[in-house]
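Take a look at the structures below.
Each of the two complexes below includes chain A, the first together with chain B, the second together with chain C.
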Partner chain A sequence: MNHLPQAWGRPRDDVYGAYDASHLQTSGPQQHTQSPIVTGTSVVAVKFKDGVVIAADNLASYGSLARFTDVKRLRKFNSQVVVGFGGDVSDMQYLDRLLSSLDIRENYSTTETPLNAKNLHTYLSKVMYKRRSDFNPLWNHILVAGLEHENKPFLASVDLLGTTFSSPTLATGFGAHLAQPILRRVVPDEATVESVSREQAVALVKECMKVLFYRDARSLDKYSIAVVTKDGIDLKEDEKLESQSWAFAEGIRGYGTQVN
Partner chain B sequence: MTSIGTGYDLSNSVFSPDGRNFQVEYAVKAVENGGTAIGIRCKDGVVLALEKLITSKLLKPGANKRISTIDRNIGVVSSGLLPDGRHFVSRARDEAADWRRSYKAPIPTSALANRMGSYVQAYTLYSSVRPFGVTAIVGGWDLEAEVPVDGQVGSGPSVGSGGKVEGLKHGGPFLYMIEPSGLYWGYYGAATGKGRQSAKSELEKLDLAAGNLTLEEGVKEAARIIYVAHEDSKDKDFELEMTWVSSLAGPTKGRHEEVPKELREEAERLAKKALEGDDDEEEKMEE
Partner chain C sequence: MASVFSGAPPQGGPGYSFSQTRIATSSGIREHSFYPYTDNGGSTLGVSGADFTILAGDTRSTSGYNINTRYAPKLFKIGGEGPDGTGARIVLSVVGFAADGDALKERLDTIVKMYKYQHGKPMSVAACAQRLSHILYNKRFFPYYVHAILGGLDEEGRGALYSYDPVGSYEREQCRAAGAAASLIMPFLDNQVNFKNQYIPGSGVGHALEQRVPEPLPRKDVEELVKDAFTSAVERHIEVGDGLQMMIITKEGIQETFSELKKD
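Entry: the complex of A and B
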């Protein structure tokens, strides 16, 4: 440190050259998010006869760097809704605060029925669509898992464009390619949901998390999993993948150090 | 009335030669006619109770709640002009939300009382406004646990720079009363409205400063005190409205909620019984 406070904490001009002031210009068009910065990868979820199972790993990546390894990407809204976030983590934090202020306002009066998963999904879809229409999207792909009226299982997604989609099985990010086929093998349609038990659904989601860890380079073996039923939410935020088997790795050919 | 304004009471914020602000004193008069409201700070929570006078038989019983929730963990009950009370609550909610926007955490009860005290006091300063015609009782539980800031996703360092301070104790039950002048104090037990005198003397008997009264006992005492305070205006019908807020380990899990119907009815039954008992004793003494 020297006797020039204005130079403290800055790259020294004599070492690095003068700072390029063009980075600081205030004129020109206003720019919004062009790409996410710190990101979470897949969220997977499946409906079963009494509720929904949803899971996401605990990693936040900075590009290809595994930057934060204890990030909780499943958020409880109330006793019957869990929201899972893929994509930008800071936008997730913004949405988390937005939802918590919504929850506070909802609870000013106790006489009204609480917001269910369907209500919340509608709300989030409007927020996301508004933001993309402002050319300032929230860079997330969101799964809303929970119960709608008469405690029916509810599962739907909304993405950064405000696109909504609903299905008995859903997965975001890499999971949309890798987990969704596995989920659909067990739960091909809405009619099948009735015959899927809680244990089956949990096992299925855990299997998907394992496959995702095998093949998704932005994933982690620590994950969170939540089961939503009419009895409440069972959220575990510090799960570890069990019984991994990397035997298949030897058979992989065609890239990396093993060219053929 | 000895406090005739003789011209010094026509405009707000004007002192009389002997140093009084009459408009504020008249606002206090408005409060003195309202239904009795009390708050009790117990060792594991706070109870708020209100004698809600029924102004019409056409009103739906149990509807039109008068005790309001601020954020999740604070309740406000007021006595005096109802619309002023509504505005007070609306401002308190804005203050709580504003605090969260700045600090990403719930507002402490003391900070809310401070901000609302300042807000109410500002209405004694200008000729374009009148003072609040309410005295509000603010009760809350500040969370004792280490909670994540809003939107926090990870746990951060457990030790060292940015880590946690060991053994730091914070949180607990808090109770404040804010008057039309903007004056606010913290209380063990607070009472306002028509029956405040008898309510206060009952509160004093509880020895709240000792910190022995549990929340459940507090609920029963609160119900009894409202019934006692109602004795002087027996001809009017009223509904008992009660809310409470406890620790995380307690019945409300740190949230401000209505006292469950069963417990409230039990408390009312005991309150009525206690009153009847008093009457019997009085009769005996007369004999």
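Entry: the complex of A and C
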């Protein structure tokens, strides 16, 4: 320690180099979010014959720190749609407020038909595309689950660039690598959706959440799961991962305590 | 020796207080890490005939090595009524950055509809083609990152095909391949549609050989060419596959077909 109070409790300049003061600029061009800070990991979802199942764990990470362990990343919209958020949590909270005000506006309006999942997905994709075009993106990957006209199951995604796509099974983030192959094995195409029951779909999604907890370091065994059908939304926000088996860990070789 | 006891903080180091510290001027503008584009892969192609135009595109959407979905259409009916685009006579295909492609499609569709409502007649393909060029050129400095192909029938009822670069340069052609596998498909089309490097046997020796004269191909032949082009592209390009969407524009309207491609 030296006699300079500014240096106390901070990394030594002679070891780590001087602090990059360009971060403290007050003038210059306006800057926007260039990277996410507090983040949520995967969201997984699958269509079945009368609806959609969607799930996301309750963790918000600060880098590699498991910072908030009770964050709900699934959001209901007007008792017909569930929106799942991956990516930046503060941007999620902004979108949550945006959707709340949209819902209030819709409730005051005289339109008879409420916004369905397809309408909401279109709305969100326009918001996301506008923000990326302004170079001020909302750092999220969003899944929209619900029903479209004639109570057909609807599942689609939109990301921070405004890219949209729809598929019988979807997963964001790490889930795109780990969960999608498991989901696609059971529901390979749109035609198969008709033969998948609610129980099968829920079991499938729970299996994916388990695999994600095993292999995704930024995940949690507490998660939210929602089932959307024409009878409404069944949202459970405090589920605990069941029947975990770490027996496979015995068989992993090549690193850790044992050498071979 | 005096400088050692001057009491001043060392140069470039921490000062006595935060307010005293000189803020170093940054070396230029700080780098932005957000890149507003991505490539969603896939490929499209168009061929025009004597009285028809065929546009085709695979339905795979990718990001990196991931497949987003196996069914994301790249062909859009322009200026039709309702969600199915009934009564449309123009087809737009876009490949590249899918979000820009969707935005572009939406704008052109609206413009062609407005034209019909205001003028009481459908927009000609030539007019629509020029308008599309203007839309792309207007965003010259933040382009729609897509390769567009526009197809329809011209005033004389012949097949019309226009291809574009992302900033609006356009040209009417007999055939064009775009997207990820363009470099695989285009030479095949040059040879099979425009008969490039095909010579009339026995017409001469060396430079005296006569080039085979291209003529508009019959519809059945073109459909087979398109299918062959895509099945071959699927073999050699990882971003192409899953499904093949085709739209055939004739004076009867637009006929849409879908066939499977390999999903590996």
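As a working rule, the second predicted complex is superposed on the first by the 226 of 260 C-alpha atoms of A that agree within 3 Å, B and C clash if a C-alpha of one lies under 4 Å from a C-alpha of the other, contacts with A are read in each partner's own complex, and residues count from 1 in each chain.
In this text, a contact is a pair of C-beta atoms (placed from the backbone, for glycine too) under 8 Å apart; a residue touches a chain by one contact, two chains touch by 3 or more.
None of these values were measured; they are calculated from a predicted model.
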item: Superposition-derived comparison: chain B or chain C, residues of chain A touched; value: C
item: Touched partner set for A:109, first chain B, second chain C, both or neither; value: first
item: Contacts of A:155 with chain B and chain C, given as first, second, both or neither; value: neither
item: Chain B and chain C footprints on chain A, overlapping residues; value: none
item: Chain C partner contacts - residues on chain A that touch it in the complex; value: 4-7, 10, 13, 18, 20-22, 24-25, 28-29, 31-35, 129, 132-133, 135, 137, 157, 161-167, 170, 176-177, 180, 189-190
item: Chain B to chain A touching residues, read off their complex; value: 65, 68-69, 71-72, 93, 96-97, 100, 104, 150-155, 255, 257-258
item: Of chain C, residues touching chain A in the complex; value: 9, 12-18, 21, 23-27, 29-30, 32-34, 36-38, 40, 61, 63, 66, 68-72, 97-99, 102-103, 142
item: Of chain A, residues touching chain B in the complex; value: 60, 68, 70-73, 89, 92-94, 96-97, 100-101, 104, 107-111
